[in-house]
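The following pair of complexes shares a single chain, subunit A, combined with subunit B in the former and subunit C in the latter.
Here is the complex of A and B:
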């Protein structure tokens, strides 16, 4: 299937799903006016990919600095899809990037780690000031 | 001709304002010519009517073209043109495909058509016809721009007036809570700052003879939909908070959960938006609810009972050197993925004299700002609370909000901000 890319906007993140390389990433912020409209196509693409992928090592790089509560619900659905695939068919690494001082994003990530145990979760601290 | 004074006199409502202005509102009377007129006659006509930019050419009452003043003059000024074309029909240099619109066409549709026509239509104007396609008059790009800007400004004004008044209602709606807080407490503050004048945050306080019930609530969304949610929640909370369960915030949360899920139909699997479902069927499915902290405070018994739905409590005792964060439960109230029979925990907290209690929605903690453009964060929030501890509560709020605004800097506000504190 084709790779899937959406450019970053002020209210929505960059989506870079390189299915051909089994490398997926999400970068930026997520507070679209309508979370369903933004995320459903993204989730649809991901689900289709996962439904047709077996025995792969998939890497998901998560680099969001803000998401509102509606987006959070969608992200839970997304991690649910990954977790399900990781517990049956594929190995999935979730790289959780956060700034060294960003306790909010780190704390959220730790919640994800607790809730989705099949994911190979790595919190990765970066210094965004140096970036 | 467009009468801007009459336009400004209009008092149409938001839905009417679109339909009140149609292509006919822009209609100007203009001299016209027919194919029987010669190019010399058109030159004369253009010379005497300086205001004409586009000159309609009619045949049997229908427009067959539009002559543009500049193009026509330029063409006729070229060598030999006057001799060749002067006595012939004026249609040689007309635009044979001008934009022709029905008088009933909406301004919006007309704008799209004019823009699609490019600079030509904006400059030359367009032909307006009746239902039978007969010529009525012309409209100019300049008038169209005037009306479109006016409509835009007027729509903004109507929306802003409406929201400003909604804000008055939402504030007065919380008045009894403010009055009860003032009666129940001496040293306290409440800061309520919706992102869009109205919002999904709200606070609730009710005083009883043996203490008071206080809640800080963050409903899904912000702006007008968020404000709708606060009204729904407030109505339920008023009903639920009867004499007995005020001592049981967790029980009150469970009742709220059931009420919200039932009222908004957020109970079955059917309500979960299907990932593969098309774009058409998810718009009427809601997944709304609230994150909140419900607290029962009894000063006489030196205790408080707290039940949290994704909303922590911040405590600072007199001798403490650090803020204690009491985490609530991880489920929000009313959402589709919160089970109907979900139960929250009551946590009992001993309140000693001089202890400060703070509640905030995620609007402060999650706000993006600073040089790294990352969230404000709980650590920074707690550090500020510690720095301000010596001040009376009412003086702490502005100092903390000042630091918050500085952190936010030029970043857009992400969410509603609410924040309250009281000292026993």
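Here is the complex of A and C:
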């Protein structure tokens, strides 16, 4: 299937799903006017890819510096999809990049780690001021 | 506006540490412009990054809430309107947002906010996690357009209990003015 790319805007993140390389990333900030309108197509693409992928090592680089409450719920659904695939068909590494000072995003990541045990979760602190 | 009244308005804003004030039509474009302005203002404030992020988060939750739930201004051209102020007092940031709501939802707003006011931060975080995992939200709450996490997010990011007020709108029994304040 084709790779999926959305350019970053002031209120929505860059989505770079390189399905051909099994490398997926999300970078930027997420507070679109309607989180469902933005994320449902992204979830659809991801689900289609996961449904057709077996025995791969998939790497997901998560690099969001801010997401609003509606986006948070969508992200939770997204990690649920990854976890389901990681429990049965693929190995999935989730690299959780967060700013050194950002406890909110680190805590959310730790919640993801607790709730979705099949994911190979790595929290990576870095200076994201320039991301 | 007479210049002396404008001067009094400006002095009062200064006295209350107002960094940013907006009153008028609400749209996603207005919100985007305000977000950019607020980000720049915060960069110049030398606020701790963590605090600036929490303030920004509360700002977005409040203004998007106002945009999603407020009915059109009855005296306008069907526009949604709101007022928002961000300021700094005693080394803490505050944010106040005011918008119209339908009076029929006033009790619902009270029910959602009142419990948050007496919860500890740990309790708020637990409630947030529970709501995040709640798959039944859409069925349980037909009024909500989001994930039911908005007020919880504002309460989580605040350093003091959030404050709110619901006030009558003269000549419009079907409407109320809803004010929400958070201190970060």
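We adopt the following convention: the second predicted complex is superposed on the first by the 128 of 131 C-alpha atoms of A that agree within 3 Å, B and C clash if a C-alpha of one lies under 4 Å from a C-alpha of the other, contacts with A are read in each partner's own complex, and residues count from 1 in each chain.
Just so it is clear, a contact is a pair of C-beta atoms (placed from the backbone, for glycine too) under 8 Å apart; a residue touches a chain by one contact, two chains touch by 3 or more.
Bear in mind the structure is a predicted one, so any value in this text is a computation, not a measurement.
Chemist: Answer with clash or fit: subunit B and subunit C placed together on subunit A by superposition.
Modeler: Clash - subunit B and subunit C, as placed by superposing on subunit A, overlap.
Chemist: Quick check on the superposed pair: does A:102 touch subunit B, subunit C, both, or neither? Answer first, second, both or neither.
Modeler: both
Chemist: So which one touches more of the residues on subunit A, subunit B or subunit C?
Modeler: Ranking subunit B and subunit C by residues of subunit A touched puts B first.
Chemist: For A:8, decide between first (touching subunit B), second (touching subunit C), both and neither.
Modeler: Neither partner.
Chemist: Does subunit B (first) or subunit C (second) touch A:43, or do both, or does neither?
Modeler: first
Chemist: Between subunit B (first) and subunit C (second), which, if any, makes contact with A:91: first, second, both or neither?
Modeler: A:91: touches no partner chain.
Chemist: Contacts for A:31 in the overlay, against subunit B (first) and subunit C (second): which applies, first, second, both or neither?
Modeler: The answer is both, since A:31 touches subunit B and subunit C.
Chemist: Tell me which partner A:23 touches in the superposition: subunit B (first), subunit C (second), both or neither.
Modeler: Neither partner.
Chemist: With subunit C in view, single out which of the stretches 77-85, 329-337, 347-355 or 383-391 of subunit B clashes with it after superposition.
Modeler: 329-337
Chemist: Where on subunit A do subunit B and subunit C both make contact?
Modeler: Common to the two interfaces on subunit A: residues 10, 31, 66, 68-70, 73, 76, 99, 101-104, 107, 111, 129.
Chemist: Can you name the residues of subunit A that touch subunit B in the complex?
Modeler: Residues in contact with subunit B: 10, 29, 31, 36-37, 40, 43-44, 47, 65-66, 68-70, 73, 76-77, 81, 99, 101-105, 107, 111, 128-129.
Chemist: Quick check on the complex: what are the subunit B residues that touch subunit A?
Modeler: Those in contact with subunit A are residues 218, 220-221, 273, 275-277, 279, 282-283, 287, 291, 330, 332, 335, 337, 362, 365-366, 368, 371-379, 412, 414-415.
Chemist: Contact residues on subunit C for subunit A in the complex?
Modeler: For subunit C paired with subunit A, touching residues are 28, 31-32, 35-36, 48-50, 53-54, 56-57, 60-61, 64, 67, 125, 129, 132-133, 146-147, 149-150, 152-153, 157.
Chemist: Show which residues of subunit A lie in contact with subunit C when the two form their complex.
Modeler: 10-11, 31, 33, 35, 66, 68-70, 72-73, 76, 99, 101-104, 107, 111, 115, 129
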